[in-house]
Each structure stands twice: as structure tokens, then as C-alpha cells.
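What follows is subunit A paired twice: with subunit B in the first complex and subunit C in the second.
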Partner chain A sequence: MFSAKIRSEVLKEITDVISTLVDEAKFNLAADSLTVRAVDPAHVAMVDMTIGKDAFEDFKADEGELGLDLDKIKEVLRLARAGDVISLEHDEDRNRLVVRVGNITRHMALVDTAGMSDPKVPNLDLPAKLVVRTDELRQGIKASESVSDHIALLATPDGFEMVSEGDADSVRLDLPKDLLDELQSKEKVRSLFPLDYFSNMVKALSSAKTVTIFLGNDYPVRIEFGLAGDAGNATFLLAPRIESE
Partner chain B sequence: MDLPIRRLSGKAASARLSRVPIPSMARGEPWTPPASRSLSGTSPPGIFIGRYGYPKVNVGPLLPPFHGDTTLLDLPEAWLDFDFPEIIAFRFSLVRGMRRMAVNVSEGGRFLDQLQELALAARPADLELAFSRSPRGGMSSDRVAQPFGPSAPLLQMGTSGVKTDARLERVWGDGDLRAGAAILRLYDEGVEVSRIVRALSAGVLGLEDGRKLVPTRWSITAVDDALGHRLLEDVRTLPLIDDFRVYESVRLDNRFLVLLLPRVWSYELLEAWFPRTTWNPSTREIAMIGDSEGYRGRKAYASIRGCYYAARFAVAEALAREGRQATAIVLRETHPGHFLPLGVWNVRENVRRALHQPYMSFPDLTQALSYVGTRFEIPLEEWVRQSAVISFALCQRRLTDYPGWAG
Partner chain C sequence: MGVDLGVLLNSTPQRLKDFRGKVLAIDAYNVLYQFLSIIRQPDGTPLMDRQGRVTSHLSGLMNRTSRVLQQGTLPIFVFDGAPHPLKLGVLRVRAGIRARAEVEWQEAREAGDLERARRKAQQAVRLTDPMLESAHELLGLMGVPIVQAPSDGEAQASHMVQKGDAWATGSQDYDALLFGSSRLVKNLALSGRRKLPRRNEYVTVQIELIHLAENLESLGLSREQLVDMALLIGTDFNEGIRGIGPKKALKLIREHGDLETALAAANLDMENFEEVRRIFLEPDVTDDYELAWEEPDGDGILEFLCQGFDFSAERVRTAVRRLEEGVASRGQSRLDHWG
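Take a look at the complex of A and B:
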């Protein structure tokens, strides 16, 4: 059983974050929350998301799972006006999701979840931790996009840096310790990432004012952030690019 | 003469190409356009829809000054077995009749009816053309479309006994079928890409009220893009290949290598043009140009344009045929003998041919790349440096590489 009401902007935020990596996803239902764990087809990045029932205006669910086509959810979201509440109901007899927005009712066929994996999050020992404003990350990405396809993230005892180096030009964003909400980095660590993945991840965040970044040396990055106020949280993992070979 | 021909389907396969009249130019003799205001011949069939002045463009038939089975003159699927002089001769023999008209088919009239019928012809059709002056001009080339010969403003066109292809006729008569769906249906029915392109450009596809003439150049890329896009929807769900493969085709002073990797779909076309080749007027530098897409495809139009979609279609077709998924990198080295733009068919058919031939199989990317290095004049390091997809495959780690992963 699943029946819920959710504000359109919260549903949009959830959808944007997941659709950064996949077009279809399995939503795992429990009595008090909804979780999604998905890996992009190239296995370069994953998202792990938990949305508590408080993120919803109304939430009733039994244990179960729903396979959703995120493009269809986006189509519905385009019909919503600011402040609209969207109602979602699982029609189990016909295996579809009944979505209501305003005076519109959409019957949405569910996607078979048989082929969708339940990825486990790898164990990563990431020595540096920092909390940075989302709009600073956006600035750093914007500055990098015309320079290179890659972006290096660096943490030192004194601050956080984003560096992009192209054939001719390079660009760097420096955030000294006092501009960060938190910084724990005993030594300098640096990892390089594909800019398109990193950029899409950061652009998908709409309500989180800050994100927590865990970083290592030539190692994946973990990015944690809140969703729907603090009623939900999510983690992105992104594998690095190693150029030494 | 006995002309080897491969990979044809439908009626063209049985076309008796051995009887194609080869213009004298192919034998090294100069050919001058007919100094006459009238022209009688057999159209392959061929039409050309220009793009300048859109939505009012020059449209008309392509007609050589001789009769016979001229199929080959407008059938790029069959040209890889020929060399430059012959292909140039095929195309230069085609005189282009031009009439300026609006692209809206509803404003067409009798002339357009005739032209559409010609575009749907199942076999070469006899035509009589009357011009306002004698045809002139040299070979014209459009980069994407195939070149053609002299042209002249068209006063009248007379056709006789045009027999239309039943498959094309059916989509012509179906005004409820969208152009995209019509393209796919024709392909599934075995209609050659060049015939689908001709039908799309003639404005016989799509919803009844919205039918428009489509400039030949746009039509070619629209068909490659639509077919590739559709095939890839299936390919993305297929199991990966098991090995690292290198395919090859060398024609017309082009060397094409197709590298397939056992990874999810992603694609790149990377071209290297030697000095003094078609797209590289420089006398000293090799020009390289490329574009790529990831698993989900790309939104922005590729900077290398038509060739990108032509090669992507050819790769998608081969993967769909085998029932497998792969990452594909198409590398092209164009040498100084390639001095004239022939159209994107050259890319499409070379990649198709490469993928129809036996391939070299390797257990890992490093060995596959070493082999690639032995096939090209440009050093491997340069290809790797320029290729976004190869460098992604070499340098990008995956989460599966880390402890605790379970997918």
C-alpha cells in the first residue's frame, strides 16, 4: 500500500537528484520513509537517498517497492503550479501509480523493478571532511566549464580548492577555512573528477544551502546534503579520474 | 564490366548494375555539359532540394544525359567499391534542374506531384527536361549531401512510366503517420537509407497537413539521427560484448577504425584530416575534430554535424544486429588523396563496411589500443590525448573498483 501527498517542489527536488544519474529508479517503501539507491549505467556515480515521512503532507505506506520512470514524473511536475500538492497512490490491482495534480489525473504505468539492482555503498575511508556553501560550489563549476572537462577538489588544513586545468587556461576557486562552515583535513588531499557528473550533481540540489564533502587522495568523493528541509537526506558518491597511467 | 556490390537489400539488390552507362569522364576523358536547353535521360531516380533561401528553395530532378539503368548514380550504398574518378563521374553526369518553390507541399501543384512521384520511383525513370538556358557550372558540393554536376533553371519536366516503390507509396498515402515513425517503418522494411532520405526530402512523409520539402542536406542527417536514436533505445538494454574489438575499413584514402569496448553505450567520432584534404586547407597541420556522447546521448547538436550521426547510426545498426551493447569509438584518418567532399555516405558506408568485416579481438584496452597504434600514421598518444571516450575508459575509475561494492 502506498498513498501520499507531497508539495510539487519537494517532489521536483527528489526527482532532480535521482535523475542526475538514472532515468528509472526503484523507490523502496517503508512505514515511515522512502529510500532510493541508484547507480549510473557507467558505474561512475551513485545516489543513496532517504526521505522521511515528514517531507510529505501525508504519507501511508507498507513495505514494498515502486519502479518509476522519472521522465514521466517530470512531465507531471511541469503541470504543477507553485505550491501545488501532488497526490500519489499505488493502484495495486493494475500495477500503476495514480498521480493527481490540480484537476489532472495521470495513470502512470510502473517500471519492472526485477532488473534493478540494490547496490551496496562501498566502504570508503575518506580522511578530509568539509562543509561548504552550495552557491560557492556552483560558482566554481561555472568558472570551470569553459576551461576543462575535469575538476580537481583539494582539501588542505587551511581550506578547500576547486581547480580546473585545460590545455591553455586554468581556473581555481579558493575557499579559506573561515569561509567554510567546517574543515577537518590534517594534510593535503586531492582527487580529480569528471566535471559533467560533478556539475549535474551540484545543479540538482535546490534547497540545501550547504553540503558536506568527504575527500581523499585519488579516491571517490562523498557529498552529503539535506532534502526537503531536514526531512530527507542524500549522498552522492563519485569515482575519481586517475591520470598517472 | 563486372561491378562487385555488397550490402544491398530490396529491389536495388537485383538491379543489373553491370549495365550502368559510365560517362566518358570516368575513363579519363573530359566531359562537357550538354549545350542544349533540353535534356533527355534516365533519372536514377534522383532529386535535390536546396537549402538556400529556406523556406523558398531550389528543387528539382537530377538527370544524366543518357538512358539506361542509372540506379548507381544516386545510390551511395553501392559506391564504396569505386574510386574517386568513377564516383565523381557518376555525380558530375547528373544535371540538376532547378525551380524555386515554397517548401509547403500544399502549395506545390503539378510539378511537385511529378517530383514526388520520381522520388518514390522503384527504378530509374525516363525524363525530358526543358531549361531556360543550357546547364552550366562545375561540380557542386554540399559537404553532407553527395555532389552533383551542372544546373539550370527548369521550365518543364516530362515523365513517363514512373513505377513507384510500394513501401514508399504506403507511407506517402498515410497522412496520420508522423515522419519519424515513417522513417523507422521504411528502414524496418529494408528500404535503403538513401531512398528514405529522398522520400523525406520530397515531402512525402509525415502528417498530411504539415508536409514540407526538406533540404537534402538536412534530410540526410535527420534520417541518420532518427534511425540511430531508435536503434540505440534497444541497444542500451542489451548485454555487453565480451571483448575489446577493432574493426577497419580503408577506402577513398580514408582509414576508419571502429573500437568497441565491453562497456555501456557511449560513442565518439574523432577525425584527423591531413594537410590539403577537403576540410583542412592548411599545408602543414593535421586537423583533428571530434564529438562524443555518454550513455544517455547528447542534447546539443554535434559540432562535426552530419558525419557524427551517420557513423552513430552505422554503429547502432551493427550492435542491434548482434544483440549486444558496447562503447564505440570511431577513428578516421583522412589522407591527402581525399580531396573532394563526397557527402556523409562515405562515413556511413565505411563504418558499416568495417563492422561487417572480421575484427581483431583483444582481452584488454591496452592491447586493443596498441593495435590501433599500428594502423594509423598519427601516433597512438595523439589519438588518446584527443579522444574523450578513450581517456574516460583509461582514466575514469568506477565505484565497482572499490571494496565493499555490491551492485
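Take a look at the complex of A and C:
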């Protein structure tokens, strides 16, 4: 059983975060929350999201799962006007999701979840932790996009840096400790990431003012952030590029 | 060859770069047959080295695979193992067709009928052990992982897609859908400008992506029912019912729900259908494989193709450059390597 009402902005936020990595996702339902865990087809990045029932205007669910095509959710979201509440209901007999927005009702075919495994979250030991403003990250990404396809994230005892090095140009964003909400980094750590992934992840964050970044040396990065006014939280994991030689 | 379902299925056109970062499990036999069939002179003569050894398959592997890898796509080549006993019949029939085509090819060539010669040559295509060996060796030098299927390559590729080790199966046949592959990529080896058979016309062949779930949904069938339909039409493992094509089969299964009921209603009989069903629904596959995309051995490729098979060094260097570009776009680790 699943029946919920959700503000369109919140559903958009959830959808944007997941669709950064996958076109289809399995939504795991429980009485008080909804969780999604998905890995992109190239196995480069993962999202692990939990949305508490408080993110919804109304939420009733039994244990279960729903396979959703995120493009279809986006189609519905395009029909929504600001402030609209979208109603979602699982029609178990016909295995459809009945989505209502305004005066429109869409019966949405569900995606078979049989082939969707629950990815295992790797157990990462990440020595550096920092809390940075999302708009600062956006600036760093914007500066890097014309320079390189990659971006290095560095944490030192004194601050956080984002560095992109192209063939001719390089660009760097320096955020000294006093511009960060939090910084724990005993020594310098650095990892290099594909910029398109990192950029899409950060762009998908719409309500989080800050994110918490956990970083290591040539190691995946973990990015934690709140969703839906902190009624939900999510983690992105992104695998590093390994520089040979 | 596989089952003929094309007319019933929806597909979306794709570009090679749409598969960037994605893993494609390619049916190696299928793609090698494609290369051997297409890469020919107008009179049907395949590419050969100075010793008269066929090199069409190597040329195709070099050119096509390097373009796939250049885009940052990660191919896996899945080779057939021992054929299922029920496939032997089909294989014998095909061997007969090939032998006949071979004779007719020579006749057509001597008669100067190029069109017919080329067509017959394509029907006479044979994939020999030395070709398979050279294909293995070249793929190894290119750094492409090879998976040996216990039986059908498409079944194994589909299994790897179901497990999440690959994003899609690459094949010209629709059998992968019967084997449960959620996505099938067609024309990977074929896209571009192609001549229509028996006509002096060219078409642009596009890469196509077929989603299993979407097609089942729009046909209103389960995968089991799709398999039952295929059995009526005929597969590599059974002959099917004479006079029943895709549309009729769809109608019958929709009407009767399953094969048994459809057969009973039409007062028809089919041998081994339970076994053939099992081949598709519970295929013989393995989890014993390793997937690693190594750096290409550029010098090794040059030596193997230019000295070994008289390829033009310039063309091979172009392909090697593409492979290197692909590696540069790679360097990317996967999450499952960590923690």
C-alpha cells in the first residue's frame, strides 16, 4: 500500500537528485519513510537517500517497493504549478502509479524492479570532513567547466580547494577555514573527480544551503546534504579518477 | 539469426556517444559474423592478407571497437560455448545453406553477376577457429575483456545485464530479450551508410536501443509470453509453426495466454517446447568471469595487424589513437573497487 501527497517542489528536488545518476529507480517504502539507493550505469557514483514522512503532506505506506521511470515523474512535474500538491497512489490491481496534479490524473506504468539490485554502500574511511556552502561549490564548478573535464578536491588543515587543470589553463577556488562552517583535516588530502558527475550532483541540490564533504587521498568522496527542509537526507558517493604513472 | 520480432518492437535511435561510460556486453559471434558479412569487395571477396587468410573480422574489430572505446564506452565480448543440442539442427541447416551459397558465389562471380556474387558470399560466411583465435588475440591487445559463455553468448550477455555488470546487450538478434536482457543495442557494428541488398540504394543505419520492459508493456505481454510467442515463430532451438509469423504469434498468445493453450486451440503439436522454454528462461550461464579494461598495447596491435596480417600501418595507427583517447577519457574508477 502506498498513498501520499507531496508538494511539487519537494518531489522535484527528490527526482532531480536521483535522476542525476539513473533514469529508473526503485523506491523502497516503509511505514515512516521512503528510501532510494541507486548506482549509475557506469558504477561511478551512488545516491543513498531517505525521505521521512514529514517531507510529505500526507504519507501512508506498507513495506514494499515501486519501480519508477524518472522521466515520467519529470513530465508530471512540468504540469505542476508553483505550490501544487501532487498526489501519488499505488494501484496494486493494475500495478500503476496513479499521479494527480491539478485536474490531471496520470496512470503511470511501473518499472519492473526484479532486475534492480540494492547496491551495497562501500565502507569508506575518509579522513577529512568539511562543511561548505553550496553556492561556493557552484562557483568553483562554474570556474572549472571551461578549463577541464576533471576537478580536484583538496582539504588541508587550513582550508578547502577546488582545482581544475587543463592543457593550457588552470583554475582554483580557495576557501580558507574561516569561510567554511566546519573543517577537520589533519593533513592534506586530494582526490580527482570527473567534473560532469560532480557538477550534476551539485546542481541537483536545490534546498541544501550547505553540504558536508568527506574526502580522502585518491579515494571516493562522500557528499551529504539535507532534502525537503531536513525531512530527508541524502548521500552522494563519487569514485575518483585514478591518475596513472 | 535468432527469432524474428523486429516488426513488433519499438526502439529509440542512439549515437555512439550516448553509451559513454556504459558497459555493453557484445555477442562476439554475432558481431564477427556481421563483420565477415559486410566487409567485402563488390564481388563478395572478403579482405585477405597476402597468404589468403580472411581478415574482414579483424578489420571490423579494429575500426568499430576502437570507435566504441574512443567514446569512453566499455565493451565486453562474450563468446559462445558449446551449442545446446537443440541448436545443432539449425546449425546443420545453416552449414548446408553455406555450402550451397559457396558454390553459387563462385558461379555468379565467374558469370560476372556481382550483385548475386556478393549476396551469395554473404550467405557463405564462415567463422573458423583461426578467425576466432585472431579475434581473441586482437581484443586482448586492445585491452577488451572477453567472457567465455558456457553455451549461448547472448544468454550469458543477458545474464550479465541482469546482474548489473553490463548496461545492455549488443547484438543484431532479438534473442537477448527472450533471455531477459533489459536493454538491447542493435546495429552497433553496422551503423553508417549501408547498401540495401538486391537494390542499388543506400540507407543510413542507426544504432537502436530496445527496452525490454517498455516493449512488454506496450505489447501487453510478460517475458514468459514473449518466449512463448518466439517458440511459435521459431527460434534457433525450434522450428516454430509453419505459417505463423510475429503478428499471428502475438495474436495467438494474447488470445490464449500461453503456448500450450494456443497449440491446443489450433490442434497443433510442438516438440520439445518445454525444453526450449527452459533454454530462454533458465539459460546455462556462468558467474565465473572477470571484467577489467586494460590499457591497449599500441605496439602489439601494430605488430599483430601489420606484420601478422598485412594491414596498412596508417589505418592501424588511427585506430590505436582512438583507443588511447578512450583510455584518457577513462582513468575513472568504479565505486565497487572501493570499501
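Convention: the second predicted complex is superposed on the first by the 244 of 245 C-alpha atoms of A that agree within 3 Å, B and C clash if a C-alpha of one lies under 4 Å from a C-alpha of the other, contacts with A are read in each partner's own complex, and residues count from 1 in each chain.
Just so we're on the same page, contacts are C-beta pairs under 8 Å (C-beta built on N, C-alpha and C of every residue); 3 or more make two chains touch, one makes a residue touch a chain.
Not measured: the values here are computed from a predicted model.
Look at subunit A after the overlay: subunit B and subunit C clash there. In the superposition on chain A, contact is made by A:H43 with both subunit B and subunit C. Legend: residue contacts after superposition of the two complexes on their common chain; A:L124 is shown touching both subunit B and subunit C. Once chain A of one complex is fitted onto chain A of the other, the partner contacts of A:G83 are absent, as it touches neither subunit B nor subunit C.
Contacts of A:D112 after superposition on the shared chain: subunit C is touched, whereas subunit B is not. In this superposition on chain A, the options for subunit C are 131-139, 221-229, 239-247 or 275-283, and subunit B clashes with just 131-139. Put simply, subunit A uses residues 39-46, 117, 120-124, 149, 194, 220, 237, 239-243 to touch subunit B in one complex and subunit C in the other. By the touch rule above, subunit C contacts subunit A in their complex via residues 21-23, 74, 161-164, 167, 180, 182, 213, 217, 295, 329, 331-339. Listed in rising order, the residues of subunit A touching subunit C in the complex are 39-46, 109, 111-112, 115, 117, 120-124, 149, 194, 219-220, 237-244. Touching subunit A in their complex are the following residues of subunit B: 236, 263-266, 294-296, 388, 392, 394-407.
Interface of subunit A with subunit B (complex): residues 23, 39-46, 117, 119-124, 149, 194, 196, 220, 237, 239-243, 245.
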